[in-house]
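Read the structure below first, then the notes.
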Amino acid sequence: MTARLRRYTPFATSGLQSLLQYRSMFAMTAMTAAAGAAVTVFLWRAVYAGTPGRGPGGFTVEDITTYLLVAQILQVLHTNRVDDEVAAEVYRGDVAVMLVRPVSYPVMRFFACLPVVGANAVLVGLPVLGLFALLVPLTAPRPADLLLFTVSTALSVLLAFCVNLLTGMTGFLTTNTWGVRMVKQSVVAFFAGQLVPLALMPGPLAALAKVLPFRGMVDGPLTLLLGRYDGWTDAAGVLVQQAAWAAGLSLLCAALWRAALGRLEVLGG
Amino acid sequence: MIVAERLVKEFRLAERKPGLLGSLSTLLTRRHRVVRAVDDVSFEIPAGTKTAYIGANGAGKSTTIKMLTGIMTPTSGRCTVAGLEPYRHRQRNARTIGVVFGQRSQLWWDLSVPDSFRILRRVYDIPEPVYRRNLDLFRELLDIDALGPTPVRQLSLGQRMRAEIAASLLHDPAVLFWDEPTIGLDMVLKDAVRHLVNRAHRELGTTVVLTSHDIADIGAICDSALVVDHGRVVHQGTLKDLLRTADHRSVVFDHRDGTAAGTVRARIEAGLPGVRATPDDGGRIRVDYPAGRYTSRQVLTFLLDHFDLADWYAPEPGLEDVLRKIYGRARVPGDTPDGAGRTPDGAA
Amino acid sequence: MTRTMMRYLRLAWFLGGVGLHRLAAYRMDFVLGAGAFLVRVGIQTAVVGLVFRQVPAVGGWSYHEVLFLLGFSLLPRGLDHLFTDQLWELGRKLVQRGEFYRYLVRPVDPLFSLLSERFFHPDGLGELVVGAVLVGYAGSELGLSLSPVQWVLAPVLVLCGALLHTSVKLLFASLSFWTVTSMPAMYAANQVSEFSAYPLDIYHPSLKALLTWVLPFAFTAYVPCVYLLSGGTGLLGWLPVVTAGALALALTVWRRGVNRYEMTGS
């Protein structure tokens, strides 16, 4: 098992290497994230401005600020470039070249994106968090919640990988993956609760968001971080739902990948 | 038509270290080193000639062509094409020249070839009769119609090159710069391309500057040669002159003596020290001799004296051999090759 | 001078025709792009709607006023999108892959030559239509009636906004002449432009200053909307100055970048 995994470490290191060549990339990703966070944070802070204590959805001003800021940072962790790179490789036909290597393409992609996630967390996530901590008051989480949040974040990264891989694989179907990616980005951001917490959505919309897998990408981890759950069973429920979706989507990815390869062979690459 | 005076082009290259740690360190610091791609180059290409611009990889060919086409500004020195400095008068120069860079496309990536041509017609203000005439010519020789409505980015290399070549000729340019124009073309199309450029030269007096890794292209198109190496001109003149600089000549002969090939070879190499004799499969002998040490008269006299010659001929020195020699010699430090630094006499 | 102008106008007209022609050839792509865009604006509108479920006004702006602003912000963006989308390619790869040279060997202005490759980008049409619908709907809900001067100025405001978007895009795309690729910078600037879809009054003062004087997206939607909705001229007087300044700066950087351009590799 370890020997098999070791085969994939070069993909992880080379992924990091190619990333580090663009040092400006991190500064810009950070700026993008900060800008994105600022729009939602200030929009919702304006809503809570007139309400002291707990406002709509049971959030305080600090809570909602923390929620939206961390939501944006989670989104940065989920931007692993898998969707555009897979789409581009499918489009250019480079996927055929990948097939001759003795490794599984989706697994290789997963390892290649891990360092991207790590680098984004350290070089983008932390500075943006620090910047906002200076500007606006935030809620400090309890240590236990922080632990739960960490586990939940790891699962959310896996979820995001699957979603992005599926998005990238639409390259087998259409050349305009740009449009598909834009739809994915908007829909995921909305139903994950990145722009509006699920607690502030009207009943039917919230119900829909709760059964979709995207909820586990932002709203799930943040529910745990802010301690917005009823006892341990409730917290475990969030994690179990995430894990179940992660497993389900992984299986879906594997099945669709096989199907796509069959199609590729028929088309002759 | 084309004049280069003491042309120099330098680049600053960022140094990257290999490996993961190397990438990490380039994140923090970046060192530069200066590379002189074109080193004090002067030459003159008269109007109506077809010049092969020859040099090994990294010899500064492409850089010089980029300066002549106005894409790059020289670090120092100047060059003119039809009296204009290309990098100063880019748009006016662009009307005079036609360009093909084999490695890169200059067509409208998302459009089909016919659409690209229609745009080029407007952009270059090509008169209708000229456009029609050239289009007919391309149809006949390059089978342009077969490219159909496919966007350029989806064409194969060979198909794209046909379109690129046609695009460079569409506006009857006075000067053609072709950098590796026959990449990806099969024999038939190569012939068509050679035919096209020679026809333009004959009928319109087009000046041609060509670089190619395909020696056959050079032989079939060019009458002059400009050889650069390591950023310097090492030869300029007609292609025939260049071939004359070969330091070896050869004679191939057949004989009726019945002497074993090995003996023949030993006898020649003993009688003419420094000469190499190689028997081929058909029983013929090839004799290569240094041009400086022996005259052809000496060699032929020796052969006539010692063998009963049935047939003989002297092949022209190969361009490839000449070039291999030139590159090798220019690499020896302190050696000043002929033709370098020749000062041209004013603008064309 | 006028002859050159006429020549470029004729070329632009022709290229627009080619662009429309291509639109027909890539109908599926267009539908997908336009659909994606509709989804995005739809979600943006939904977020605004959800915000106003909680409170009647945000930063002194009512629901329909914010919708008006959101819709108006799409107009200059769409107009800019229609003509200058090829700048993204410049920032992304044209310098990196050494493909930029092709604009220097054509007998037209390099900027025109560059933009000509994706003239009349259909996605821009989608933005214009959606923006106009939103503005129309919100305007009628608000019972807005513009004075004759406002009617005359409105298209000028959209045009200035589009020029501002173009200037910022051109400036950041031109950085690629120095940095080889400037995609992240362009992307970040584009992200910042999203701020213009909401009232500036809700932002931190430093952010408000940034959007007004550094990356002046405030002038693309907020300032015009304040004028159209309330008649308050406030910063409106600065609009032509800022537009001209941004355009001049962007063109300068572009020119210097082109001069500096060196092709990668051989």
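Order of writing sets the labels: A, B and C. Residues in every chain begin at 1.
Going forward, a residue touches a chain if its C-beta (ideal position, glycine included) is under 8 Å from a C-beta of that chain, and two chains touch if they have at least 3 such contacts.
Computed from a predicted structure; not experimentally measured.
Peer 1: Find me the chain with the mean Cα position closest to the mean of all the protein Cα atoms on display.
Peer 2: C
Peer 1: When B-C is set beside A-C, which has more C-beta pairs in contact?
Peer 2: Result of the comparison of B-C and A-C: A-C.
Peer 1: Measuring centre to centre with CA averages, how many angstrom lie between subunit A and subunit B?
Peer 2: 54
Peer 1: Using CA atom averages as chain centres, what separation in Å is found between subunit B and subunit C?
Peer 2: That gives a centre separation of 47 Å.
Peer 1: Please work out the Cα centroid separation of subunit A and subunit C, and write it as a whole number of Å.
Peer 2: Result: the chain centres lie 28 Å from each other.
Peer 1: Return the residues of subunit A touching two or more other chains; collapse runs of consecutive numbers into ranges.
Peer 2: none
Peer 1: If you look only at subunit B, which of its residues touch subunit C in the complex?
Peer 2: 11, 57-58, 61-63, 66, 69-73, 90-92, 94-95, 97, 99, 101, 104-106, 108-111, 115, 118-119, 122-124, 149
Peer 1: Quick check: in the complex, which residue numbers of subunit A touch subunit C?
Peer 2: My answer: residues 22, 24-25, 27-29, 31-32, 35-36, 38-39, 42-47, 50, 55-56, 135-136, 174-176, 178-180, 182-183, 186-187, 189-190, 195-196, 200-202.
Peer 1: Spell out the part of subunit C that touches subunit A in their complex, as residue ranges.
Peer 2: Result: residues 28-29, 32-33, 35-37, 39-40, 43, 46-47, 50-51, 53-55, 58-59, 179, 181, 184-185, 187-188, 191-192, 194-195, 198, 202-204, 207 of subunit C touch subunit A.
Peer 1: Can you name the residues of subunit C that touch subunit B in the complex?
Peer 2: Contact set of subunit C toward subunit B: 10-11, 14-15, 18, 21-22, 25, 97-99, 101-102, 104-110, 113, 116-118, 259, 261-263, 266.
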